[in-house]
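Below are two complexes that have subunit A in common, paired first with subunit B and then with subunit C.
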Partner chain A sequence: MIKITVNGREVEADPTKPLIAACDDSGIDVPRYCYHPAMEPKGSCRICQVEVSEGGRPGRVMAACRTQVSEGMVVNTEADGAHDARRECLEFLLKNHPLDCPICDKAGECTLQDYSFQEQQAAGRTGEPRANLEKRVDLGDVIMLDQERCILCTRCVRFQEEVTKKPELTNAGLASNSYITTFAGRPLTGNYQGNLADVCPVGALTLKPFRFKARVWNLEKSSSTCAECSRGCSISVEVLRRGDVKRIRPVFNPDVNQWWMCDTGRFSFPEVNDPERLLGGLVANGADLMGSTTGEAIKHAASVLSTSGSKVLIASPFLTVEEAERVQPLAAAIGAELLFVSPDANDLKDDLLHTGDPCPNRKGLENAGFRGISPKDAADRVTGADAAVLVGERILKLLGGFDLGATKLVTFDTTACLASGVEACIATPFYVEKAGTWINVDGHEGELTIARPLPSSVSPLETSLEELTKTLSRTGASV
Partner chain B sequence: MVIVKRKQLSFSEKLYLPEILKGMSMTFRAMFKPRTTRQYPEEPLPVNEVTRGQPRLATNDEDGSIRCVSCGLCEAACPAYAITIDGQDTDRNAITIGGDVTEKFIEREPESFDIDMLRCILCGFCEEACPKDAIFMSDELELADFNRNDLIYGLDKLKRPVSQLRPRIDYIYKVNERWQAPSSTR
Partner chain C sequence: MSNFETYLTSRMTGDDSHTLAAYKKNGGYATLERALKEMQPADVTEAVKASGLRGRGGAGFPTGLKWTFMPDPAKDPRKRYLAINADESEPGTCKDRVIMDEDPHGLLEGILLACYAMKCEASYIYVRGEYRHQYDRTAAAIVEAREAGLIGKNILGSGFDCEIHMHKGAGAYICGEETGMMESLEGKRGHPRPKPPFPAGFGLWGQPTTVNNVETIFNVPFIVDKGAEWYRTMGSESSPGNFLVGISGNVNKPGVYEAPLGTNAKELLEADHFAGGVPEGRKLKAWFTGGSSTGMMSADTIDVAMDHDSVKAAGTMLGTAAMIILDDSQCVVRAMQIIARFYDHESCGQCSQCREGCQWLHQIFKRIEDGQGRDGDIDLLTSIGNGMAPGKTICALADAAAIPAHMMVKHFRAELEEHIRDGGCKINKTGKYAPQSAPEPAEAQA
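What follows is the complex of A and B.
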């Protein structure tokens, strides 16, 4: 570590990193388009210009991402010369930018907007017509490219070269006719395409599933943990008008996912926007199921469980640590073993993030004394018992369809099970509607926060489980 | 303490009928005098381009296409939270506004555009925020219905041809010096 002075403050800097990283570490914001801490600095956008003076010489304006720090360097990020350089740079960047912000999905989180506003640089001096490039280039299932909006920072090219190590994008053409394209116009492949839209500092690369779905300033963002594999990437769940989740984006977490997440997790939000979710509860009424409140369903479940012989309890790998603690007394009350469904690893495993294991809280459940069993084994145990309790989000989906036989079934899930023999279904929240903890494959804790309000007819799983345990102990005492 | 004495009625007043006739004659005479009040609703309120009535969405005269690109700026500017917009993808070619093609094509258009007229305070912020000259305060002032849901106006009730809004558009350009666009792009 060496010492440099930034804006009159002495800070420590890592000599292996560029000057802009030292500014970041000391909490000083320097504008950037092409620089990304995960990639080699390229210095193509020139917006990160700061004034640097060394050895008492007068300051010179230079790009902070391509400047190595040296002992005793004096940096002024707010010097007049630096601002002038940034303004000139912005004028060039905006020369061919179409300024279709009202249409662009990036508007609101676009750094081109932010820095233009910050530097008060909007008008250009040239009368030349803007470049005429392709507005809609289809780059596969995930990404749409707008070549006119592109400022050629090449973050996307470097992301594929340096992070996924599968280069598919390139900068073609010369000088002012440059544009981003794929090799031979082939569509993009791989499970990390969504990150291209995140690294793009402007609206050139946009996510097709998010295109024109919402304005970003209307999205309410909450930090959460991805549910699609046992990596447990830190994510931001973005909800429109307290209703549907419109987008999931990675949040920087140096221990788990850095800046990235896979497309499987990114586009998993339809799972939590299920229009056919169960509200309240369902209670068996003769051969049919009848809608009820959760309280009535729990009461019915307790009476069924207290009059049956052998009982099993199967938990979902989506249970949080806190919910697992509430399952333990319930399992003890009905005399069942602590089990959770552990599906086989899927073929999505890769070297970067996806672990291939679809259980987000496997570690947490195993720590709580649960044992993982295959879905087939779980189904066999359910049909072999007199009564079964299935607890947790997506448990019915993980078990798949099976013949219940004479088993009486009580489910806690977001959807209803309509098979004959189902005695009670109790609605539970989706993972974006609860607070809790998941423990990922490496033992890191991932926080879940409430991203949208729970419907009034659904109660938290912890409350439902506690109530069922309490009701059971009361009926047990009376018998 | 003030004591007010009651007026003693005269004989003709006690008879009641002469006084009624006196009153009726006054009424009948007034019926043939010139009217001094506005005969609303038969005679509508006078409106001109300065009237800030209910917001309406402009559609191009050429093909009836909507100018709105659902950017959400009016929604953001609305102090009464009356506007709700959902966008969608469109392949519609940009339309020629006043003979000039202003954009290559419009990628986005509103899927739904709702203004809750019960919330709208007719402040005109939406008109001011709109970057596409798509929403203007019309001269329509009357608002009545039998239930609240029908007063949430959707696209079908909000669309108006731009020629109908022209006086207001011209007025807005006149009073806002910063909106210095050539007349052909209005």
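What follows is the complex of A and C.
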């Protein structure tokens, strides 16, 4: 490490990285379009201008992403010359920009807007007609390209070249007729296309599932952990007006997912927007199921469990560490082994992020003494018992393909159980409505925060489990 | 006739000057043979350094010095390359074309000497795509030379190995920029690379590479043969040697001429053994010193010595020494618009300033020429030029586009103002002067 001075403050800088990285590390924001810390600096957008002085010589304005740091370098990111250069650059970048912010999904988180505001570059002097390019180029299932908004930073091209190592995009044409396209116009493939919209600094690459769905300033963003595999990527869950999750995006986490996430995780949000979700509880009434409160359903569950013979408990691999702690006393109370459903690895595994293991908290459950069994094995154990407790998000889905016989069932899930032996269903939160922890494949803790308030008729799973355990012990005492 | 020694064009006579037989008759490859036998590689570099040869590709960088930037092969065992820039695309420039057409073996001998000096194992000649004939001539010369044991393994029994490959460009001006050319040679889009790293450290395929212009390398065998002292007897103190001047436009005898560096531009334009002046009855109006990027200057600047430092002192660059001459029958605004259109078409599109700025300059010049100029356009042109250059982008194309715009405003502001004020071009009959809308006789305007 070497020492440089940035805006009057002495900071440490890594000599193998460009100046802009040193500014980032010391918390000083320098505008950037083409620069992305995950990619080789290209130096083509020219917005990252800062004033640099070496060896006491007068300062020169240069691009921070292509400037090598040197011992004693003095940097001023707020120099007048630097601001002038950025304003000049912005005026050029906006020369052909369609300025369709009112209908652009990026508006509100677009760095063209942000830097124009920051540098006070509001008025352009161009009176020339603006470029007339393709506004809707369909690049496959995930991405829509608007060539007019594109500023040709080529982050998308380099993301594929350098991160996924499967280049499908290229810069075509020359000069002011340059545009981004796919090779031979083929649609994009792969499980990491959504990241292209994240790396795009403007509204050129937008996510088709998010187009015109929400204005980003109306989204409430909470950090969470992705549920779709044991990688547990750090994510931002973005909820519109306390209702549906409209978007999931990766959050930078150097230990787990860097800046990225896969499309499987990114587009998993319909799962948590289920309009058919179970509210309150359901209690068996003869051959029918009757709506109830969770309290009533728990009471019924306790009476069923306390009067049944052999009992098993099957947990979902989506249980949090904290929920697993509440399952332990319940399992002890009914004399059941600690088991969780562990489906076979799926074929989504790749060499970037996806592990192929659909259990987001496998490590956490194993640490808590749970043993993974196949869905088939789990179903067999259920049918072989008099009563079974199925607990955790998606447990019914995981066992959905199996006949659970006439075993009396008590379920804790977001949906209702429709098996013939069902006695009580207790509604539970989706993972985006929980606070808790998952432990990923490498032992990193992933935090879940409450991104959306729980419906009033649904209790946190911990509370329901505690309630059931307590009721069981009271029932047991009274018997 | 001329009263100076010529050497560059001395062999370019007869119909067979491009053949090995003719070249050998004129003493061809004797210098290479002598160098391989009697000289150490460092001696060759030293001779070129002592000669003061400056690059003929436009920047005028001392060639010998450039060669010494290559890392020491004892410390850096990587492969080393020489890349020859024959992507002669600068508007007005056609000197390398003559060399490849008439004397390709002279170029090959220069390449072999340079490779020997820098211990390069291979050289790549990047030829402009449109130069098909020149490509074929040079490719044929390579075949001849290889058959004669002059290219390949163990050249002339000396133990020195060197390959020469050719590559055709696809017609992009930007591939004449040295790093854009290397990208193109590697099979990628010709997008210039940011510097540093410089080619000597990280060039073709990441290996140490020197990039030289055709005419520069063509000078090398003469220097090695006759010595640096002889070389310095020609040309000027800071720019020794002769150069090839391509003179085009409104002149009686357009063509490529050999002259000592430092020859007065007025002489080059007017002398009978050069371009022979502008056509009878017309007057010089504007001229380019060395290709379109050097910008247009007014007629009163023509009395200048054509060498790097004198032209620089006159406010522009020697460039490729391609003089373009415009007489008073031409509209300079129209000429400028054509040049701006060229850069708008040829910018690689990487850097924001260049991509958008080149287009913007062209749009404004076109409007002015067409009679839709606005108040404030001239200041806007200057401001756009200042936003593009100097040194604000990855490569110098933005500079090459901005300089002509600046020169235009500096030398021909009155013409621009007149176009804007009159709402059209008198010479090209646009805007107000367009035949259908302006039937009045020309006198009415005066």
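By our rule, the second predicted complex is superposed on the first by the 477 of 479 C-alpha atoms of A that agree within 3 Å, B and C clash if a C-alpha of one lies under 4 Å from a C-alpha of the other, contacts with A are read in each partner's own complex, and residues count from 1 in each chain.
Rule of thumb we're sticking to: a contact is a pair of C-beta atoms (placed from the backbone, for glycine too) under 8 Å apart; a residue touches a chain by one contact, two chains touch by 3 or more.
The structure displayed is predicted, hence computed values, not measured ones.
After overlaying the two complexes on the shared chain, residue contacts for A:171 are found with subunit C alone; subunit B is out of touch.
Of the two partner chains placed around the shared chain by superposition, neither subunit B nor subunit C is touched by A:367. Of the two partner chains, subunit C is the only one that A:152 touches; subunit B does not reach it. For subunit A, the partner touching the most residues, choosing from subunit B and subunit C, is C.
Look at A:212: by the touch rule set out above, it reaches subunit B but stays clear of subunit C.
Once chain A of one complex is fitted onto chain A of the other, the partner contacts of A:457 are absent, as it touches neither subunit B nor subunit C. Within the superposed three-chain model, A:285 lies out of touch with both subunit B and subunit C [touch as defined at top]. Counting contacts as defined above, no subunit A residue meets subunit B in one complex and subunit C in the other.
Subunit A meets subunit B in the complex at residues 100-103, 107, 135-136, 211-215, 217-218, 241.
Here subunit B touches subunit A in the complex through residues 69-73, 75-76, 84, 87-89, 103-108, 131-132, going by the rule given at the top. Interface residues of subunit C facing subunit A in the complex, by the touch rule stated above, are 172, 174, 189, 191, 194, 196, 344-353, 355-360, 363-364, 374, 380, 383, 386-387, 392-394.
By the touch rule above, subunit A contacts subunit C in their complex via residues 41-47, 66, 68, 85, 88-89, 91-93, 95-96, 125-128, 151-152, 154, 170-171, 173-178.
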